[in-house]
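Below is one structure; the comments refer to it alone.
Chain naming follows the written order as A, B and C, and within any one chain the residues start at number 1.
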Amino acid sequence: MTLLSVSGVSKRFSRKPGILGRALDRITGESSAQTVHALTGIDIAVPRGEVLGLVGESGCGKSTLGRIVSGIYTPSDGSVTLNGKPVARMRGGNVQKLTTAVQMIHQDPFASLDPRMKVGETISEGPRLHGLWSASEAQGKVRDLLEQVGLEGAYANRLPHQFSGGQRQRIAIARALAMEPELLVLDEAVASLDVSIQAQVLNLFMELRQRLNLTALFISHDLSVVRHVCDRVAIMYLGRVVELASAADLYDAPQHPYTKALFASVPTLGTGRAAFQPIEGEIPSPLDPPPGCAFHPRCPFAGPRCRAEVPALKPAPTGVVACHLNDGGTELGKTAA
Amino acid sequence: MNAALDVRGLTTRFDTRGGMVTAVNDVSFAVEPGRIMGLVGESGSGKSVTGFSILGLIDAPGEISAGQVLVDGTDLRTLAPDALRRMRGRRVAMVFQDPMMTLNPVLRVGDQMAMAVRVHDNVSKRAAWDRARAALDTVGIPAAAERLRAYPHQLSGGMRQRVAIATALLHRPSVIIADEPTTALDVSIQGQILAEVRRLADETGTAIVWVTHDLAVVSSLADDICVMYAGRIVESGTAEQVIGAPRHPYTRGLIDSVPSLHPPGQPLPQIPGSTPQLVNLPSGCPFRPRCPRATEICATDPPLSGTDHPALCHHPLTEAPA
Amino acid sequence: MPDTLTPGGTASATPSAAPTRTRASRLRDFWSDFGRSPVALVSLAVIAVLAFVSFGAPWVTPQDPYDMANLDWMDAFLRPGTVGSGGYTHWLGTDNAGRDMLSAIFYGLRTSFVIGLSAGALALMVGITVGLTAAYFGGRTEALLMRIVDLQLSMPAILLALVLVAMLGQGVAQIILALVVAQYAYFARTTHGTATVERGKDYIEAARSTPLPTWRVLLRHLLPNVLPPLIVVATVQVAAAIALEATLSFLGVGLPLTEPSLGSLISNGFKYIHTDRTWLSIYPGLFLMVTVVAINLVGDRVRHVLDPRNQR
């Protein structure tokens, strides 16, 4: 059963020139308005109970997608629904979130907790304001949640600066769980933690997932972490999904040239010195993406068709892949029947 | 072979509100020319402070209270401020996590690189530009002449970091200290830079200290590894020794907590507790409260066992190599 | 906590292990840091003494200088140190109506404090409201509000205050209103600047994506985090309000002499500046100067202590 449905979602951020800029534009006859195509035509369905990984490098749009699903942004095109109902809408120029069933956990626990609010209030304010908890039960619920995430109940009266990074991330998880969410969005949730602490938080996540049957979007750049906790993985490049498959298939038999190159370029522990193959070239700017397949300037297999035509996501031996190699070849004029 | 960098008993302390904190505690290691030494640790381990201390870049309330830093046999700690400044950039250079730390945003890349050349060498502006271009070529920057005319903000993060590395290389220093230089970069760009750095160390014979928290990076880049915990080096050896057969329980725990070594979905072995606060360290071995092998004797200062692959531990995992 | 560095090659590294501290111990730390500056301590003591004698004026002064029944024409223009008809020494002399200058200054200081503090507090509230609204809602609201603020900051506060007092008329309430209008812009600017930075932080995004109602995000999350820099602005602005009020009264558009303030006392004494009766303007002037300087020195020290770059 599909819980989260993302269909045809695109997101453009445009920077409009100010009064002075518009005057300059009139003089020069050029437009200084810039549009970043952060996401283009994203279709993803997440069934209840699944953890879907979103993987990619900077500019791939994974965090933007996470924020759209969390109701912080609204898509420029397309829709995001949870149980068939929209997550957010625009009202009076501001985004209005319509559900409490999606909760987000940010990357940096030093920034995501209000430094001047006690931990107990940080956790309880959401459920209290939305009527999930009564005033009398709030204290006990906070204590339970803190214990669930491996902290002491008595910590409720402390301020965030008294905690280490790992402990703060546990508090952020408790805050999200307090809203009894159906979907969690974890945006690089372990990336800023120390290696030894990262394992603790990953274990906590896996345990809570089992116990509460959580559904989650797990956004990360760390391939080994994603493989460890995700059921399916979407690889993103410059605003599009280029490959989506089960974690096991993706890691055993990557299909897209970018996925393959990404795996080869990451140093892994215990494989010895220089056992990795870096990808050539730079990540293109989303302000000025290359025509055709965005990966073609760095792709060793690129042909004329890759420079002209954007590949669509098509079923592959495992999962779906957006690559002309999987769809009739890289020569122009040849398309699959 | 003589070491390019030989650090002996380096100790750096900070006078904080909570009391005197020893951020770097009696740290000793040596790096030979052309070798890369990975200095690995988590936050608060003192790895970055060690890097800064080597260059004498510690401001009040911090103070380097003991130790020697020998670069090609010269002790940087005994040099007068002027002489130390001449050594910096010329014999020892530093690369920061954020390349904008060293790049001036309002100057063209070429101008500031040429300036860096002319600080130490009395050459014409034209010759300085040529050397800057050559340095950019060395780190694999395409169209180097064009990049020299660019301002830092016109370059990507990876490109800026290459410029910072090229700047560090301008005077062919004996030693480069690199503090988490690829942490902020994307994985595909990180791979490119790691490959270039490995090649540079081999070709130029520069000794490199690579400060990082990322075990996977050092295991594929470094020749030797020192693991730091709470200001001390707790284990050191070749990369194969430290990653393949760690002797300190902390190193073992770190390696075990990396997800790629375990079947997906299974609980990861974890080090309990949190990274220590330097103001109130336990007596004896600072890892004691988190260590599965700790006994009563660990409340006393741990001995350094082994010469080839030493570990600072009462109960090392494998016996000291003969 | 990342290592802190300054551009240009010099660097300082701070160990990341900050000792855990409670709110009470942070307050203790604040005072111990504050007390490291003798100048600031003396200034604080001076303010305390001035506040005591001015608010306690009816009890510490020998006469109520504004009760006509107490005044005696025979005591007019007594030199400092002279014993008058009341049988006590006029340490700072008397004015043309036979008022004891020391008493008049203490009463005047009280008016100055009341006006400075209430104008400062009201301007703070108005400024916070404007600055927070602009920063949180952004877009046209922000553009409109902040352009008005910028416009006001581009002209001298005294000019604006003069025009307003001319329109509103004399009196304590009118002066306070004029000062609030002239000064809220400084608070609005600072609030807007800090709030724009804070609004971009993850904890605000986390609160909005819970979602919490807008008022809650504004009042419980954004407001407490923009307050610290405003404390500094507030001290400076209270001093500025006292000086502004004195200027207005000196120019004759502020308070009448029957409602004493330091400004009207200086103004009154100024009429005799070309005679040898200089004590009439010099002493109130000295008190004004000491008050304003002391408040500014305390504000300066608070800014220094609260600046994270100066924290150990």
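The criterion applied here is as follows: contacts are C-beta pairs under 8 Å (C-beta built on N, C-alpha and C of every residue); 3 or more make two chains touch, one makes a residue touch a chain.
This is a predicted model, so every value here is computed, not measured.
Q: In terms of CA centroid distance, which chain is the most far removed from chain B?
A: C
Q: Looking at every pair of chains, which has the largest contact count?
A: Answer by contact count: the chains A-B.
Q: Using mean C-alpha positions as chain centres, tell me how far chain A is from chain B in Å, no decimals.
A: Computed from C-alpha means, the inter-chain centre distance equals 32 Å.
Q: Round to the nearest whole Å and give the separation of the Cα centres of chain B and chain C.
A: 51
Q: As a quick test, compute the distance in whole Å between the mean CA positions of chain A and chain C.
A: Whole-Å distance between the two chain centres: 49.
Q: Please list all residues of chain C that touch 2 or more other chains.
A: Within chain C, residues 18, 20 contact more than one other chain.
Q: Specify, in ascending order, the residues of chain A that touch 2 or more different other chains.
A: Touching at least two other chains: none.
Q: Could you pull out the residues of chain B that touch at least 2 other chains?
A: Counting only residues that touch two or more other chains, chain B contributes 43.
Q: In their shared complex, at which residues does chain B touch chain A?
A: 42-43, 156-159, 186-192, 194-195, 198, 213-217, 219-223, 239-240, 243-244, 253-255, 257-262, 264-265, 267-272, 274-275
Q: Report the residues of chain A in contact with chain C in the complex, numbered from low to high.
A: Residue list for chain A touching chain C: 70-72, 93-94, 96-97, 100, 102-104, 106-108, 111-117, 125-126, 129, 159, 161-162, 172, 175, 179.
Q: Can you list the residues on chain A that touch chain B in the complex?
A: So the residues of chain A touching chain B come out as 57-58, 164-167, 194-200, 202-203, 206-207, 221, 223-225, 227-229, 247-248, 261-262, 265-280, 282-283.
Q: Can you list the chain C residues touching chain A in their complex?
A: Touching chain A: residues 18, 20-23, 137, 139, 201-203, 205-213, 216, 220-221, 224-225 of chain C.
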